[in-house]
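Sharing a structure here in structure tokens format.
Going in written order, the chains are labelled A, B, C and D, and every chain counts its residues from 1.
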Amino acid sequence: MVARTVTRPLFLEGTGGPGARADRVARRVFLACAALTGGTAAVVLGVLAVGAAQFFAEAPAGGFFAGTTWAPFAEEPRFGVWPLVAATSRITIGAILVAAPLGLLSAVYLQHYAGRRTGAVVAAAVAALASVPTVVFGYVALNAATPLLRLVWPGAEAFNGASATLVVGLMIAPTVAFLGREALAAVPPAYFHAGMALGASRGRVVALVVAPAAARGIAAAVLLAMARAVGETMIVTMAAGSHAGLAWSPLEGVRTLTAFVAQTSLGDIAPDGPDFRAVAAVAALLFVVTYAMHAAGRALLARRPAGSAHP
Amino acid sequence: MVVDGSNSVLPLSEAVAAAFAERHGGGRVALRSSGTGGGFRRLCDGETDIATASRPMSARERARCRERGVRHVALPVARDGVTVVAHSRNALVACLGLGELRRLWAPGSEVSTWRALRPGLPAQAVRLYAPGSDSGTFDFFTRVVVGRAKASRADYDPSADHETIARGVAGTPWAMGYMGYAHYAANRHALRALQVDTGAGCVAPSPKSFADGSYSPLVRELHLYVAEDALRRPAVGRFAGFFVDASPRLAPEAGYAALSAAQYVRSRALLAEATRAAERGSS
Amino acid sequence: MLSADRLSVRFGSKTALADVSLDVPAQKIVSVIGRSACGKTTLLRAFNRTNEMIAGARTTGTARFHGTDLYGRTVDPVEVRRRIGMIFQRATPFPKSVFDNIAFGPRAGGFAGDLHELAEEVLTSAGLWADVAGDLDAPALALSAGQQQQLCIARTLAVRPDVLLMDEPTASLDPAATARIESLVHSLKATYTVVIATHDLSQAARLSDMTAFLDAGELVEYSPTATLFTNPRTRQAEEYVTGRTS
Amino acid sequence: MTPPVAERSAYPVSPTIQAAAKPMLPGRRRDFLAGASRLAAATMLAAAAGLAGVLARAVWQANGGSADGTPYAGGAGWETIGPAVAGTLWLALATAALALPIGLGTALYLEEYARPKRRAVRAFQAAVAHLAGVPSVVYGVAGLVVLVHGLSAGRSIFAGGLALAALALPTVVATSAEAIRAVPDDLRTAAYGLGATRWQVVRHQVLPAAAAPIAAGACAAITRTAGEAAPLLVLGATSFATFAPAGPGDPLVSLPTQVFAWAVRPQAEFAAQAAGAAIALLAILLGLNVAGLFLRRRLRKVLP
């Protein structure tokens, strides 16, 4: 075969090749998009930071985190955020106590027990619940869950923590189910088959072999669902009430961090008033907490489940 | 056209807007209720054309409006009484004196049970529901009852929406709250309105007692504040005029007391004058 | 002792095993040979009812164990799997300690005895005791590939099965590990009945007493190993064992 | 029919083994997870059905019952929810028009142009991804300050659309980036080997290969934000409008905020109206989902 000689000049350096101009334009457009995204994030962060800074300029941080009275708009304002944090924590923990068993067991059902047809029906129901807007869940909490609750406990208040907790649990259960099922599906099927071949019941294999191997993913599912519960706004705004007290009974009204932001904003917040500063401080707290929970959950998910690196 | 402001006026605004839409083939009206304070703020920011109000504009709000060069005209449209409500099954209390209300609602009040309010009543906790701090009703009630606007105990359940207050009081045994009469009227089957003793005996809130002055300390006039600049758009003037004209009929239907015919004539005249001023300003 | 009678398995519309009938004698090693995807694995799985965990699988015909129909209406598949253990082509230790791997099966079966004693016994049987005796709490995944397979065999022995089904147990191992497993299998014959699927003809010849040759899901020939390798009855088997395959 | 095993076998079964053989245990073993997981699945089904039932019942009762003169304007019908339906469609459109290109562009920059990824790029990407976990109400607070007061956009469809687009953006970036990352590197290597520029590789290899999952992710993000009420409430949504918004400058109305405004009222008529609006909202979201599904299928068919 005859060796070919290079007859064209080499464009190894410089940017003169065909398509180079379009490439430069595209790079700039995409960089601009990335800058816009970053800018949006920076603006959100900046607004909260400035508002929170103004807030802490007049209310010492110690009082904010340690105080037990939240009355930011009173004549003598008190800025103890603890009642709001306590309400958010109670509703989040209560909701995950509903959602974790419900969601994880549904995930087990879908992954290991369901027949093809029933599995499809249940999966569709889970997907449908997952796509219901929270305001609709709020409607359910207010106009269905609370009346039902009052049939059982007539002393329950019109706005109470219990029905909000239950419905928030229902709202985040599909998240647990979906992520939990992904975690179970990521476990190598060989574990399941080997466990079954050893003569254990399906439940035993799932509980003792598959679930431990999926522990990280399951923990992530629970954590991410809890992050959603912390940030859930409409259900608590509509059904949990606006009582910023340290109530112990779940039948009483409570006010969460998110509900405070939303309920205060139902009036009007002027960006130079005390209501904005209080709202910004609470929103900043929400931002930090949910951001951290989401990051932790994602970090758990990012690590491969134990054993999947095995050949 | 954007109408914003008092939640106490909202039932009337809704009735008027619906009637206006019917009459004028879907006039373009959008209603919000950010509270009287929010409505004034937005009127002076030029964000809204008409602000509804359950209290007059304060000196500071007036100054702010002037600073921004927003001229406006205030049109009285109806009379409303702030109504103190209790849970429907609370038959032990029929009437409260202004002094009792003051002790209950004063800043830092320690009254947490009905017995602490009046010996002889049960020691049940009083759960309180009331408008939030942006509300004109809140400003009015605190000024009349406590003596100083915005001076109130803080440990109540605040809401910008009187309907939420109604739901809260109706659904919480031994609860109590206050709201505009129209909102009470819309929920009268679920609530118990308390009589108020202003010194001359117990009087029940009703459009009649609002009109004859017997409920007087707790009765206020509801106003439309119309931005003069907005009146250059004929649609705004038409809607404001319709509001004034329809109020004598719609106000009682919606649970308010109508003003006297003379007052509506005066409102009409104020509107006409402001419209002329707006036209002069534009030409 | 273990027998198949007109056993067929279909996955959806695909037939993986067609009308296979054969008897596995007790305390013997039977090897199943044939090309990839000829139904070796499916046959083994049919014997301990693990095919039914695959969506769309349908089994017809009968498989008997001591005369009991394994697919009988009253038979518990979990019990079947306890009596007929299976070892997979790829070692599948659970991501737990060596001890927990051994203990899983007996615990599931309600074993009341001393688990440590049992672990020592089965690990010794599997030829792994010397390697792991020092640290039974070591993670199973830290073992070498051959040791992992030995652990899987020990784990299966701990359930006290009567039959061991081994699906190409040495396919992913190096020659040294393969030799270890083979000698282990040979020693197991004294107490267990073994069915081993393999694509390694010399392994089948070395280990087994009987050999079944499957082709495209059908049982072509089932004879004593010596017969099948030296004097097969069928032409297909002859072609396959002599390497003259089409 | 078939002779017993022992007779046919070339190797007779040793009598000791047969005698030692334990009898097969008949019957099924208890499986605690079977019952529990079925119960959970049934609860999920019941919850979905119950939710639909609650909404349907409220509407049904309102239509069946007599309209005892409520002092308010209203009634569950098209006149009342029409403006909100139009508002929600506008908002979804604005979200799609803003979040989709910006999010995709960001993902392309991060995944294709910023290659190999430096630490700063990775940190940026992680920072953006976790914004998806921040509650929507927080975006409303930022939107109120920046859009309504800062940009004087007013409480308009425009302001609402911008706020929702900002809310959807992190999700769109994350799902698009994931779709782009899933494109096998062989494709890129081969294309670069043939002398293609980055843009040509993106345009002809990466985008076609990742189009379907990108569309699916974007559609999910838009559907989710279209159902958001909290940020719009904070921005100051209109609670009652007699007209449908016809452009971005018109007052902010939407179905989710309307559901809220009506649902909190204690009167049954408003509960029915809220339920009607909720059903309309669910129908729109379902429509968006189905549209996304079609788009995805089409993209898969057209592009290899």
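The working rule: a residue touches a chain if its C-beta (ideal position, glycine included) is under 8 Å from a C-beta of that chain, and two chains touch if they have at least 3 such contacts.
Bear in mind that the values here come from a model prediction, so they are computed numbers and not experimental data.
Separation of chain B from chain D in touch steps, taking the shortest path, is 1. Simply put, of A-B and A-D, more C-beta pairs touch at A-D. With centres defined as mean CA coordinates, chain B is found 39 Å away from chain A. Between chain B and chain C the centroid-to-centroid distance comes to 84 Å (mean Cα coordinates, whole Å).
A straight line joining the Cα centres of chain C and chain D is 47 Å long.
Chain A and chain D have CA centres that are 14 Å apart. Residue positions of chain A touching 2 or more other chains, listed in rising order: 201, 204, 266, 268, 270.
The residues of chain C that reach two or more other chains are 78-80, 83, listed in rising order.
Across the assembly, chain B contributes 34, 161, 167, 170 as residues in contact with two or more other chains. Of all the residues in chain B, the ones that touch chain A in their complex are 34-35, 37-39, 41-42, 107-108, 127, 132-135, 150-155, 157-161, 167-173, 175. Those residues of chain B lying in contact with chain D across their complex are 2, 10-11, 13-15, 17-21, 26-34, 47, 161, 163-164, 166-167, 170, 182, 185-187, 190, 253-255.
For chain D in complex with chain A, the residues that touch the partner chain are 29-34, 36-41, 43-45, 47-51, 54-55, 58, 101-106, 108-110, 112-113, 124, 126-142, 144-146, 149, 166, 169-170, 173, 195-200, 202-203, 223-224, 227-230, 233-234, 236, 256-257, 259-260, 263-264, 271, 274-275, 278, 281-282, 285, 289. Every residue of chain A that touches chain D in the complex is listed here, in rising order: 17-20, 22-23, 25-27, 29-34, 36-38, 40-41, 43-44, 47-48, 51, 101-106, 108-110, 112-114, 118, 121-122, 125-126, 128-129, 131-140, 142-144, 170, 173-174, 177, 201-204, 206-207, 224, 227-228, 230-234, 237-238, 258, 261-262, 265-266, 268-271, 276, 279-280, 283, 286-287, 290-291, 293-295, 297-298.
Across the interface of their complex, chain B is touched by residues 70-74, 154-155, 236-243, 250-251, 253, 264-267 of chain D.
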